[in-house]
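Naming follows writing order (A, B, C and D), and every chain is counted from residue 1.
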Amino acid sequence: MTGIALLTVPTADPGDTHAFQVLTESGYRADDLVSVIGKTEGNGCVNDFSRGLAAAIWEPRIPEAAVTVFSGGTEGVLSPHVNLFVRDEKRYPGFDRGLVAAARRSRSLDPAEIGRAAQIDTVTETVAKLLAELGVTPGDVHLVLVKCPLLTSDTITALHTAGQVPVATDTYASMGFSRAASSLGIAVALGECDRETALSALAGEADVWSARASASAGAELDDCHILVVAESPTAANPLRAVHGHMTDAIDLASVQQLLSRIAAEGGTVRQIFAKAEADPTGSVRGLRHTMLTDSDINATRHARGAVGGLLAGLKGDGAVYVSGGAEHQGPPGGGSITVIYELPTPDRNEAP
Amino acid sequence: MTGIALLTVPTADPGDTHAFQVLTESGYRADDLVSVIGKTEGNGCVNDFSRGLAAAIWEPRIPEAAVTVFSGGTEGVLSPHVNLFVRDEKRYPGFDRGLVAAARRSRSLDPAEIGRAAQIDTVTETVAKLLAELGVTPGDVHLVLVKCPLLTSDTITALHTAGQVPVATDTYASMGFSRAASSLGIAVALGECDRETALSALAGEADVWSARASASAGAELDDCHILVVAESPTAANPLRAVHGHMTDAIDLASVQQLLSRIAAEGGTVRQIFAKAEADPTGSVRGLRHTMLTDSDINATRHARGAVGGLLAGLKGDGAVYVSGGAEHQGPPGGGSITVIYELPTPDRNEAP
Amino acid sequence: MTGIALLTVPTADPGDTHAFQVLTESGYRADDLVSVIGKTEGNGCVNDFSRGLAAAIWEPRIPEAAVTVFSGGTEGVLSPHVNLFVRDEKRYPGFDRGLVAAARRSRSLDPAEIGRAAQIDTVTETVAKLLAELGVTPGDVHLVLVKCPLLTSDTITALHTAGQVPVATDTYASMGFSRAASSLGIAVALGECDRETALSALAGEADVWSARASASAGAELDDCHILVVAESPTAANPLRAVHGHMTDAIDLASVQQLLSRIAAEGGTVRQIFAKAEADPTGSVRGLRHTMLTDSDINATRHARGAVGGLLAGLKGDGAVYVSGGAEHQGPPGGGSITVIYELPTPDRNEAP
Amino acid sequence: MTGIALLTVPTADPGDTHAFQVLTESGYRADDLVSVIGKTEGNGCVNDFSRGLAAAIWEPRIPEAAVTVFSGGTEGVLSPHVNLFVRDEKRYPGFDRGLVAAARRSRSLDPAEIGRAAQIDTVTETVAKLLAELGVTPGDVHLVLVKCPLLTSDTITALHTAGQVPVATDTYASMGFSRAASSLGIAVALGECDRETALSALAGEADVWSARASASAGAELDDCHILVVAESPTAANPLRAVHGHMTDAIDLASVQQLLSRIAAEGGTVRQIFAKAEADPTGSVRGLRHTMLTDSDINATRHARGAVGGLLAGLKGDGAVYVSGGAEHQGPPGGGSITVIYELPTPDRNEAP
């Protein structure tokens, strides 16, 4: 088990490491880092070097076993920040359970494997290992975050030269296939569908999704970085999580429902992890959107901007983790959503 | 007085005139049109030809006295549509007041006048004429919508050649100056500030804004198109409006307050007219945003996407009128907001 | 036969019709128009409403039989303009041949046909009719320009709903398939390949291209607009053309060779019609380009900007017709190129 | 004196350090590096993190005294690469002169100084020191490259808070002011104008420019990185340079003239350093361009794409250093240009 604390720290730019100071001031050490989950301010697409810069700065400074996930794109009111998942085994008085988390890198994927069965399997296996490590069951899990590779012009050409067929010849499109495979790998690992169904879904012939999957792709890595967040009786801390999904990009009601559950427990929202996408039908509740016909701004940027506006309004600040491209992460046009919150210390709650 | 009805009709593209059919089916004629206020799907900036296309299609089909205002930019979940303000003098039983509206074009502005005192004065005068026409006082007004010109490379060069100094040498920046002058002209006309203060505000030396002003700029016109919407006892219809402002781009509370007032009257939201902008300080509630440092997507596009996401979530659909660039239209970083709603017919309201 | 004159007229914006005045001043009437081939200043991609605006303005003002082709995208030094192909049957003294041109609309294409065999066949048939009309053989042809439809979110969803499979689910990608089918239809009509090979090429299994094909796609039409330009002894005018291809986007030598042939005849370049594309291998002459990994600017915009810079330098002005997306229009990474030029009047050439 | 060699090495991404291997294979050590001048593949504007990534990777690996200049933007056919200026004191037989280079960082600039007299002076002083170090006179200099800071939302707000006025409130616009001040500082240092005239020019009241200045701005530094390249009899190597300017962005003739001079000497072009900008009048040779009215793509990106297309065509490959924003670096709408070339070894030249 790995009880955790969560620190959310704004960043002045993708290379800003002020968060280490906050870490220290909060009584933790870099060695305690389980995972760094950041929103950086690039385009969130193929040529997003804000992610690469953040990775270049952070990777040498964190433990070997820790993983980074940098998701590009802080459109609109979204604010660049990092979420530090820190090992905190302390047993907070008055709590008999708490959030735990573990992270791992998968093996490297060959470009020919990206967006295909091999990626599904690799993610499934790695998530399974993480569940075992944490000693939790799929039912305890609230969030599985994956950063996975994409195809560039170079890798596509190399595949062609080798007589192999890439999953996509468009680099931006390859991001979607990679996210899809990762998410289906999560769904299999969490027992939400079997491998066969996942393969059908990847082929576009089955509709499967996980409300706990959050995958983003990047050119800055060739393996998968995976973080699992779960609730466990082996820990004792005030952090809790709820998860659910938005049925479309304006599904205020579903989010309010999650927030109401938290409010009912007297909890304080600490962070929202949400996926967003342009509804593939080209409309939301019967009204046309233009995200998929806009050749100036990619659809994932539009989706983050819109859902980010809604969630930042609800959270009261822009340091929300909204990631674009929600293939099999919530229903089509919607997205998975996990809210991490903090319970009040019991003595505050109970009458004397 | 001009009692009005409001029809909001989705458009399939900027040249779509299906709305005329809806007009007819609703019992009105093109001659009844007071104003066509549309959201079109361009970039909302200088080279937005979706506005020009809509204007080219609509202008020849509407009465001489009617005006169009096409605001470009349907980022995120915003959905392209037109709002038809239609003359409807019918006295609806059970109502002793109602919404009225009137529209007018100002004189043409010389490029040297754009963004300057002359534009303030022109807008002030035209709004004053419209108030007189409607027989309403400034206190009755809920919304003044203005479409105003901008500077292009051609007009900037022409000014330079003539030895004149344009208000801005950057075409995109000229939009902001034009919106500012129009908004300050509205503020003067509504008695929210005097002319002198407006001039100081235009020079950046005073902080004045109107919660009822909504101005957008475009290359497709050289005069100002102005619509005034007010409440008046000379009409008798179920339409009403409330106005207010968002203090920042995530100010959910202020919008909810307006919606609560409507709900308290049993009203149904018909349309939201909102302005949005990137907070000029570079942060929202102390957290950095990246709208002003993004050289790929202009700040107004970001702002519409974010505020559009929030308001569409609240309205329940994406056909919201969110316009970018809120200089003197609500406080800096926030924006003016007007909600038009419909009261239930009285017999539904009254206990038997 | 239809002897022609060519007028190239700058435009102040997509809706500018000043060219009609130039037409009149040059002694022609609108009825003489065979085709209007324009470069407009939108993004040249799916949501390019500059094309739609130009079409809305021009279509009602030209003869029923004439066609427009508006190609969006004037990146870099490219300058918006229209090329008017005007019927001019006058027999210019001293010439025994000349350029001829004819234009036609194909039947409307069903969205399911776009980018498929049916589009190839439709273009082939229409080009064949035009050759017959002109009384020329494929060997006489220097240029076949096609404007063809694309798929939007709406048409893609409609196809899915009808249980049909669109050629692409990405709207931008559909432009490439449509251009490909049109270009292969031209190749078949000009006897450059047979239908079977064209179908293989469309499936990516054969490498076929025409140096005389120039196709661009747009949302503003649902049929194909086609113009054929050829040389014929039935006309007698000073216009001539040469065609060839650039082997890549920096193939200065091939263009210089064409220009040298013109110079050798004492000709004056009147217009260059060129296609451009990002090399699909991701590199040009062994050096990586970034057009296909740039998620901010679409590859066709990059390609037009670069090739436009080269050709404008050679022509000496930016009113060059460079169109992006050169599938089967010249070799991969290169593009077809046709230069129309004017011979001097014979008496200038000949010694007394 | 510092005789130099020049290595131009393609990069696979902004963080690629393969160039170190090439350096070693060429017989040099990292300690020999005088300067690394790279083209990286970001947008070349405010939020270009490709520059920041390259700087983060390179800075710790080069000598304290060496400087990096990363210029973002490889639009069109431009290819990402680094130009390594390497100390090479070897006296190549048969040469009695050669290229020399020296580099230095200026003091840090306060945000309030950016784009103002203090920046001019700082650059002037640093260039003067470099000339002294090299023992060359202004007449020997072929190129002065400067990387200088810009203003971000954060620094602009900080200035406002401190009651200071930033040179620009638009972050993108601040880049132009910074480039202008650097270039005028170069002009003063090279004796091309006096300080007073430079100040007038900065205020827009004098037209001064240097054909040897090349300045680019970035968020990744707060001082100025400066490289001077000159010809000197103290060195003996086969490298030479010519400089001149393009009068506009399609000025093929001026470039050909420089290349002819090189060809006349039997030289081989090694690299072209050019500046490019959108003509501020909005037209090139009387024809309108749309770079300044395009709100989707910034003008500097357009300019690099176009001029890059022309120069890559002339050089025969895309690894050309074209930098956008040519304020006072060549005439308005044009740009400075320096070509470094290599003379043949004398024995190849001379008849036996």
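Just so it is clear, a residue touches a chain if its C-beta (ideal position, glycine included) is under 8 Å from a C-beta of that chain, and two chains touch if they have at least 3 such contacts.
Not measured: the values here are computed from a predicted model.
What's the farthest chain from chain A if centres are computed as the mean of the Cα atoms?
It is C whose centre lies farthest from that of chain A.
Please state whether B-C or A-C has more C-beta contact pairs across its interface.
When A-C is set beside B-C, the one with more contacts is A-C.
Please tell me the distance, in whole Å, between the geometric centres of chain B and chain C computed from their C-alpha atoms.
Result: the chain centres lie 41 Å from each other.
Roughly how far is chain A from chain C, going centre to centre by Cα mean, in whole Å?
Taking the average C-alpha coordinate of chain A and of chain C, the gap between them is 46 Å.
Do you know which chain C residues sit against two or more other chains?
12, 41, 43, 47-48, 154, 219, 283, 288-290, 293-294, 296
Looking at the complex, which residues from chain D come into contact with chain C?
For chain D paired with chain C, touching residues are 10, 12, 41, 43, 74-81, 249-252, 283-291, 293-294, 296-297, 301-303, 305-310, 312-314, 316-319.
Can you name the residues of chain D that touch chain A in the complex?
12-15, 40-42, 47-50, 52-53, 56-57, 154, 219, 296
Could you please specify the touching residues of chain D with respect to chain B in the complex?
Of all residues in chain D, those touching chain B are 43, 45-48, 152-154, 156-157, 160, 169-173, 219, 280-283, 288-290, 292-296, 298.
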